[in-house]
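There are structures below to look over.
What follows is a pair of complexes built around subunit A, which joins subunit B in one and subunit C in the other.
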Partner chain A sequence: MTLKRATKRRLRDGAAYVALLAVIAIVVLTADRESISKNFLDWDTWKSLWPDIVLTAAKNTVKYTLISFAGGILLALVLALMRLSPLRLYRWLATGYIEFFRGLPALVVIIFMSFGVPLAFGWRPPGGLIGGGLLALIMVSGAYMAETLRAGIQAVPKGQREAAQSLGMGGFWTMVTVVLPQAIRIVIPPLTNEFILLVKDTSLLAFVGMQYNEVELTSFGQQNLISSADASPLLAVALVYLVISIPASQLVAFLERRQQKVAR
Partner chain B sequence: MLIRLTPRATLAAAVLSVLALTASACGSDSGSDAKGSDSPGASEAPDLNLISDGTLTVCSDVPYPPFEDFDKTSDTGFKGFDIDIVSAIAEQLDLKVAIKDSSFDALQSGLALNTSQCDLAASAMTITPEREEKIGFSDGYYDSEQSLLVPSDSSIASIDDLDGVKLGVQKGTTGEAYANEHASGAEIVVFPSDGEMYSAIKAGGVDALLQDLPVNLDHQNDPKASGQFKVVETYDTGESYGLAMKKDNTALIDAVDEALQTLRDSGDYQKIYDTYFATDQ
Partner chain C sequence: MSTSQMTTPAIQVSDLHKYFGENEVLKGIDFHVDQSQVVCVIGPSGSGKSTLLRCVNRLEEPTSGKILVEGIDITDPETDLDAVRARIGMVFQQFNLFPHMSVLKNLCVAQQRVKKRSKDEAVEIARRNLAKVGLADRENSYPAQLSGGQQQRVAIARALSMNPDMMLFDEPTSALDPELVGDVLAVMRDLASEGMTMMVVTHEMGFAREVGDKLVFMDGGVIVEEGDPRQVLGDPQHHRTQAFLSKVL
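On to the complex of A and B.
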């Protein structure tokens, strides 16, 4: 019995769909629906979260993310330029910084900045305990994004720089007006990645202590997990995270598509 | 030949596996009901519905000295008032004891118990009406008092001085509830645990801590920060700590209550109590 290649492929694809359906069937059939509705879908609990979950918790998560991303990218830019500097001292400093802060868990840096630095130096970061935590997030995300930016700058063809120089542009203006705009376009996808990681890393700030008007999504969920004694707040908070991160990445994807059209 | 048959074989295998798995899923569904309601074959007279036979599995949010702390030299790997009480109860019930470190969130929301991670939670947990809705409690085994800890050079002398002051509390504790009720003028800062909170008051991030008295006393007497902090006020909340169990496991709750009473009658409870709290105040 000989089968046409197209038939074979159809059968193979069909099998993949059947396998997927089987997995879904297993998940649905083995789920304990009563327990799920009791523990995750308690309507009264869901109602009690509103509107604080958006007006306080989600707002703070977005605020903390934007602050640490903006600060992080500025720091990253400085570090990336230092790494590409002709001066060896700058290269060493930048490499040392990046290796150090990439190698530490963000939580450790956060606790160190909020509790350790005031104890060791008597200096308190602005913004209190949370301020110290945000500073830590900037320091860590800056280290990650510096490497991304450096790769982006290096990916801009050498001819661009040479052309600018042949027009008589100095090193600084070549970097700012010719190389960086192109580099940023190259690194948008990995930076989106870093942004979404930061959205979630803001949950670590809860460790330094938060006032009720300072809570972000995860600690809000945990506080309500305690008062409601069921897991509904965690599911609610998880959904809000998706509501933040998916549109953000889709927006970037849209901008990227538009830019590519212009580029062609 | 073999190669030609492959797509069909794949399909057949897939269909078969769906059928088999669906069947087994249905099977386990109906089977688990029977298992949950009563498991026959337990040797002792009252069936305590333990998650592992012959062992009392206990969850606790460690460390929280002097109630629970790590101790490599002990049999269980832990030490503390709660650990000693639970071990004594397990001995009364002729059970071995296994202690698991857990998060307080999971314990007091009842999740750890309802998902059968442990039979009993012993974690300096105050008996409250809200918790009693989801959890079954033993009789109280320790009368809890709240307290206010401030730096020794602080001008704060009582809970009335807290307006506009940063007051550290632990998430989800009686201390947090007490602060919300009686220190509404304070800027309440919520921490995941005492470790962060104590670091914060040392670093000057908060001005006072409101939490269980024994923990604050520990900080007052901290040899590494001697004379730096003092407890300025204590509050009797009329509440006591209870051992938490699955609400429907009345057999275990009754057995634990009975064992607790035996320990009080025999004086063993007092002995354990004195080990930890006798010289305080």
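On to the complex of A and C.
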């Protein structure tokens, strides 16, 4: 029996939907609904999280993200310029730094900066354990963003630099007024991606332990997990992360669309 | 006419060699541009004419030889290159306007940063030069909103706003649609009639003939023939010049 091409396609699509519904049905039917509602949707626990989950935890997550991002981008700029320097020593130093910190898990760097450095050097980063952790996030995100920025700087057409130089603008003003503004525009979408990664990486700070007014979302969830003896705080925290990161990734998509338009 | 201004050539190039890796693109160039002279450089692509022009403000690093700009040796590492460049206007084939700045800002940024002019002064000079190239009404436009011919005229106005002593043109009309070439050439003709010293790498033989004081024909990294444009174009002496002109005229 021969079927028409369109009929075949309709059958195939229909089968896919049926399979998906079957999977959902199995999950719903086999789930222990009573246990779920007790462990994740305990109303009293949810109520007890309010308003600290927003006013303290979410606020601190955003604050730590902004600090790490701002510090990271400054560090990245220095590293990117060093990588593009005519001086070989600078290039080597920057390359070594970037490879080193991209090769380490962020959590290892956080532990090292919060606990290792005070032990080894007797120097405590400002802000205590959290300060050390933030410094670590700056160091790691700086390494990643340095490569992004370098690519952006190199994507600015050579003629732009030549035009600025031919007007007598030295290296500094050429970079500041002509190259960097164009490079930043090019790297806004990938940098926003880095930003979203940082939102989630601040959860690693939970490892160093913090006082109640310092908690970010993950450590807030952890602490409440212990006191409430059910998992509702984790679900709540997960939702707040999504509330922060999904609009940010929508922003990336918007910026990318806009950039494609501008690029002609 | 015995001032030192008239005796020092604007540009004096002697025994200039330039290698790109193993490839020798300039094989010993001797050449000069006098004050207020318009010198056009022609030749097939790959002849080294753009490289020669770009060596004059050291966008290309000469491998050996001497380049004097108004008597100042620009190959000397002690020379303040930015100060020399500020006195040499340069116009590129691809315009190279700054796309993130308005037309007015394009004309002002170097005036303020390099010449240390006040904003008001820079704007006044910029407006005067925009009027000169016929684009006084476009100061708030962005480069992407302008046609190629308009962009190139803005680029000329940008270079003029630095009050340069001379202008270098690197195939200024080669990237333009044919109907836009005339406006740019007209601006260049006006400049020449005002006595601007100009070195122009071009394929516009008509412009070279009418406006040029001297024509230089380059091929294979050497100057094959140079002289009065009407003479060189009308009665070329060297067989390579003849071969080239028979193809383009």
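What we mean here is this: the second predicted complex is superposed on the first by the 215 of 264 C-alpha atoms of A that agree within 3 Å, B and C clash if a C-alpha of one lies under 4 Å from a C-alpha of the other, contacts with A are read in each partner's own complex, and residues count from 1 in each chain.
Simple rule for what comes next: contacts are C-beta pairs under 8 Å (C-beta built on N, C-alpha and C of every residue); 3 or more make two chains touch, one makes a residue touch a chain.
What you see is a predicted model; the values in this text were computed from it and never measured.
Q: With both complexes overlaid on chain A, does A:11 touch subunit B (first), subunit C (second), both or neither?
A: In the superposed model, A:11 contacts subunit B only, not subunit C.
Q: In the overlaid three-chain picture, which partner chain does A:163 touch, first (subunit B) or second (subunit C), both, or neither?
A: A:163 sits against subunit C, while subunit B stays out of touch.
Q: Counting only touches as set out at the top, which of subunit B and subunit C does A:177 meet: first, second, both, neither?
A: second
Q: Considering only touches as defined above, state whether A:49 meets subunit B (first), subunit C (second), both or neither.
A: Touch status of A:49: no partner.
Q: Tell me the contact category for A:19 with respect to subunit B and subunit C: first, second, both or neither.
A: first
Q: So which one touches more of the residues on subunit A, subunit B or subunit C?
A: Comparing touch counts on subunit A for subunit B and subunit C gives B.
Q: Touching A:129 in the superposition: subunit B (first), subunit C (second), both, neither?
A: It touches subunit B, and subunit C stays clear.
Q: According to the stated criteria, A:185 is in contact with first (subunit B), second (subunit C), both, or neither; which is it?
A: second
Q: Can you list the residues of subunit A that touch subunit B in one structure and subunit C in the other?
A: On subunit A, the subunit B and subunit C contacts do not overlap at all.
Q: Taking the complex as given, what residues does subunit B use to touch subunit A?
A: Interface residues on subunit B, with respect to subunit A: 4, 7-8, 10-11, 14-15, 17-18, 21-22, 25-26, 28-29, 105, 108-111, 114, 130-131, 133-135, 166, 168, 171-172, 187-192, 196-197, 199-200, 202-206.
Q: Please output the residues of subunit A touching subunit C within their complex, sorted ascending.
A: 157, 159-160, 162-170, 173, 177-178, 181-182, 185, 264
Q: Could you pull out which subunit C residues touch subunit A in their complex?
A: Against subunit A, subunit C makes touches at 57, 59, 82-90, 92, 94, 96-100, 109-110, 113-114, 144, 155, 158-159, 162.
Q: Sort out for me which residues of subunit A touch subunit B in the complex.
A: 1-3, 7-8, 11-12, 14-15, 18-19, 21-22, 25-26, 29-30, 39, 111, 114-116, 118-119, 124, 128-129, 206-212, 215, 219, 222-223, 225-231
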